[in-house]
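Just dropping this structure here.
Labels run A, B, C and D following the written order; every chain starts at residue 1.
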């Protein structure tokens, strides 16, 4: 079924197809449209939409619904996502699958409602307390707003861990073709859930482990799950990386600008390529190391002062020089602006 | 004035000497004693202690008091610190000086009340939204619980930015000698504050910058402040690092175990040294790079599954191999346990 | 369909038959069982059960669901009901039909979890701000827990006003025969509701009227609704009141004790009768005045220090002497205790 | 010290003179000015002003400060006062002296910000759960805004019970002469308070009494306190009531209009008088019964649809006919409007 659709709405269409039947949220620009679409579509398939008292309430309702085995989600932006950090840490600790959409806005604090990518640290590194990780996917098109949301639900269930859809107001506001295959989602059995039945009465959803050895064992179990995810779930996309001398690295909306830069740069005879992480966690380190092996320079571009660049540098461990270019506050670099950054890199290499 | 004092109490004694006159908090083990000490001492010097409705309320009260020019603080642990992430992002965005103590407990979620170092990411990388940094100090003794709290207030004022005292239940519960010099703190003028006077009526404390260019300029200003702090405020301590072949890196309570390991290792003829970051942000990268230059191996030890180790690897950029050893859940490695990790490193080097 | 059923559960069975499809609540003894039954039964008929963050959140969710035209409810006890007073005033001001169950416990403050009738004032007189009334029904049996809940939904819709089911832990815990006729409820059209459709987009649910004349007109409109309810909806029950010299007045669980007292008193030759208000608001004044006309004494009995007695005195306006007997804290008078109060009244009359 | 002062400010000047050193509040029109004055004056005398997260938080902070023996207060209007009903019930149950100012606005719900007297029921009858009473005073001038606030603190301490200053936006906004005698308040000893000292460690401030007999004893104790207050603390004022044929009854701002009506009526030869309750609870029943004994008609005037009129009718118990005239929504009757109501009463009597 092909249609013209807005990014923020595509998230919910994907979620409904993925079997999500519970959305709890609190409005915040530029994520309110996601909630609006949820309020419109989710009750139509027999699900529940509820506007909570606050983001703290919302994430805890998602915790509850996920505990009962439902596919549940919420959506917010910076300030709201920050308020959810306690809940996210609890969900990870209790091994609950659920999806949180972060339509990133300018920060810190109130900042503004224009797009940024400044929530990389607080989602990928983990903004809540304790040793845990969140699965993070970063769509770059309206189609992916739907498909990566569906993937997020699958990954969340596969690893019993919260997943984040990290996007921004640009992709949220875009209208593009969206092709959906209305096949009912295959929902996994959840024998660990508390379903309100006699058999599941013994199940306990908790993140408390008072004895040090018990908590250590629990954390090691989480660690081994995360290691498995790192091996199996890293996703990326690349463009003309095979023979690139300068490799551009960027995700989400930025990757679209970088794609143009690669195309235009190649026309100018510059051997430039693109590496785009689709999953931010697990970070596609192996593929990036491979792609960057033959490069002479890497340029990371973000709508931040430099967050993902740390993971690129950690991955490349000094083997290739890594430069950074960032814009913030809602400003997005133009193709030409990128090429202006790229040209001197080639010059320096001669 | 020399006295026997508990770590959690020393924090407040330092705070009082630093001129802190406002404490807003919400109880959580193992940070409740800090609040208890605050409730006892701060009103005695004419200050305000208030138990708020929640951690969200507490951090926003600190925001208010700091806006009015007071030296203000709060203290919490994992779940509470997570709830404060929105507030911390607002404080950084509004350039407010204040101190937050995190007596780290086991996580994620409820975890337990035993010590961990698993809040490194959510304090050093920034657990809230947007591009910002927190100043983070990590005491390793009761004396430093006081002196680094005092430093935290000074740094906070110098950079108009929140500062974190990152500690744990071990140091909090220890009793050691504490030597305090009851010299009244020299408090800086704060012409930007809103003091309830006619002259300060025009002052505006906010983190909102609706125009992209304005927000970008604001973030660039923060960035340059952070760069200055990175140049001037990184602090560390080292022990027999000059000729070390294996350099141990650890902070807080772990550094005390590593110190014993160095001493015992040296007795066994192992050329082992210690590098202990005192400030976690700014991270003492220059000093670490210098100290590690002549080493053959670096071993990072944390009460986590590996968080600070990322900053060590970023710093050393592949020039020295970096290994990691972590314990979690409240378990703390013994000196012997460390030496068991160290021995094979020497073996491998031969 | 005849069954043995507990009072607290009968409330929800009645609600489901009445078409209630949304329950939002927060647990409190002795009302938690109502929520438990709601969690069990309401999702089975496609409805929503949600445990909110607090009673404040719960009543505002009921506000939301009622605004959308759903039959919605919540249940609580003393402290929780007090927290709902703002919400109840808003619901009355916005003319929203909904049902709140108050399983009254001992007060004031925490009090205890034993039964009382001490929430008469805060429900019948209105514990929130402004000029408004709540419809209040008071069941005296398990059967009425169901049937009066159904009536509460009907009255709420008829007058577009919140209705209270005022009951207590005794009736809530009783098991008695319950006879339900599973006929689907006839739900009224609600053209004023906001249904998420184009036609209802113009509807506005609000209680704000900034201009004094507008607000006065609104309050007069509410007043005339209330006058109509007073004329048409007062309900009562009486027993041997026709020739009674002493008329006992009591509601809810107390009326069952008074019924025994009437029966035993008559055996002893005492001309005693019972008047039991079924609706506390509108108060059955006309019927009471009629019943009391030929009496010589009225004795009001409550599980309070005297609340409904004010309405009895207002009704009788000095025409018949009104005595009061109350027990509190969970103590309930025995039949003999009542007769001990009654005997001297007859003696005094001679 | 004589000065021109606004009503809302006079409240705080009275409070400061009464020794109040703690104000916790949340802003709401038309009570925000009270908070503003508190923020300005209370810190000047070494006290604490704090804007809480919500009215629920504010009343619980007052609970805390009162528990510690401080004279503490808050101020709000309709919606905020409704949110405080749980806290007020707890304070009454725990026998805590404190003062709450209600600057009544139009209701129910949001209503508007114009003056009303529609919070009589929820303060005088008790809007929270359980058997309790609040002491309620109703100022009619700027001078009384100060003096009755001081009285409220005294009564609160004398009966260890919350006291309400029930006023409205008219008196709050008026500027009149205020004469204050800056004599330091004599504060009573509070051996029951929890002062943070070894001796008061055994003190327990609570409202929980799990055993029915214990709770009944506690409620009886409260009852006897209330009976004492009814005997000793009822206050009123009257004007030409001695020979009045028609007695006007009104409080607060209304009493000022009625005073003009009495004066003008007398000039027209109408034997009209005024009875003004100063304390609404305890209601000055004895004095009113006395004043009304020789009257032929009573006319109660309120800025409500009829709330205090119930207490007038209860007091007079049918011995004198009681009429009611009310305006709402912020409309206040003019002197002429009152006389138009009065004239037919005389006509009917002939």
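The working rule: contacts are C-beta pairs under 8 Å (C-beta built on N, C-alpha and C of every residue); 3 or more make two chains touch, one makes a residue touch a chain.
If you're wondering where the values come from, they're calculated on a predicted model, not measured in any experiment.
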item: Path length in the contact graph (chain A to chain D, fewest steps); value: 2
item: Approximate Å spacing (C-alpha centroids) for the pair chain B, chain C; value: 56
item: Geometric centre distance via CA averages, chain B-chain A, whole Å; value: 29
item: Gap in Å, rounded to a whole number, between the CA centres of chain D and chain B; value: 51
item: Residues of chain B whose C-beta touches two or more other chains; value: 56
item: Graph class of chain-chain contacts, one of line, ring, star, complete, other; value: ring
item: Chain D - residues contacting chain B, complex; value: 39-40, 46, 48, 50-54, 56-57, 60-61, 64, 196
item: Residues of chain A touching chain B in the complex; value: 56, 77-83, 85-86, 88-94, 104-114, 116, 118-119, 121-122, 125-132, 206-220, 222-223, 304-305, 307, 310, 313-314, 317-319, 327-331
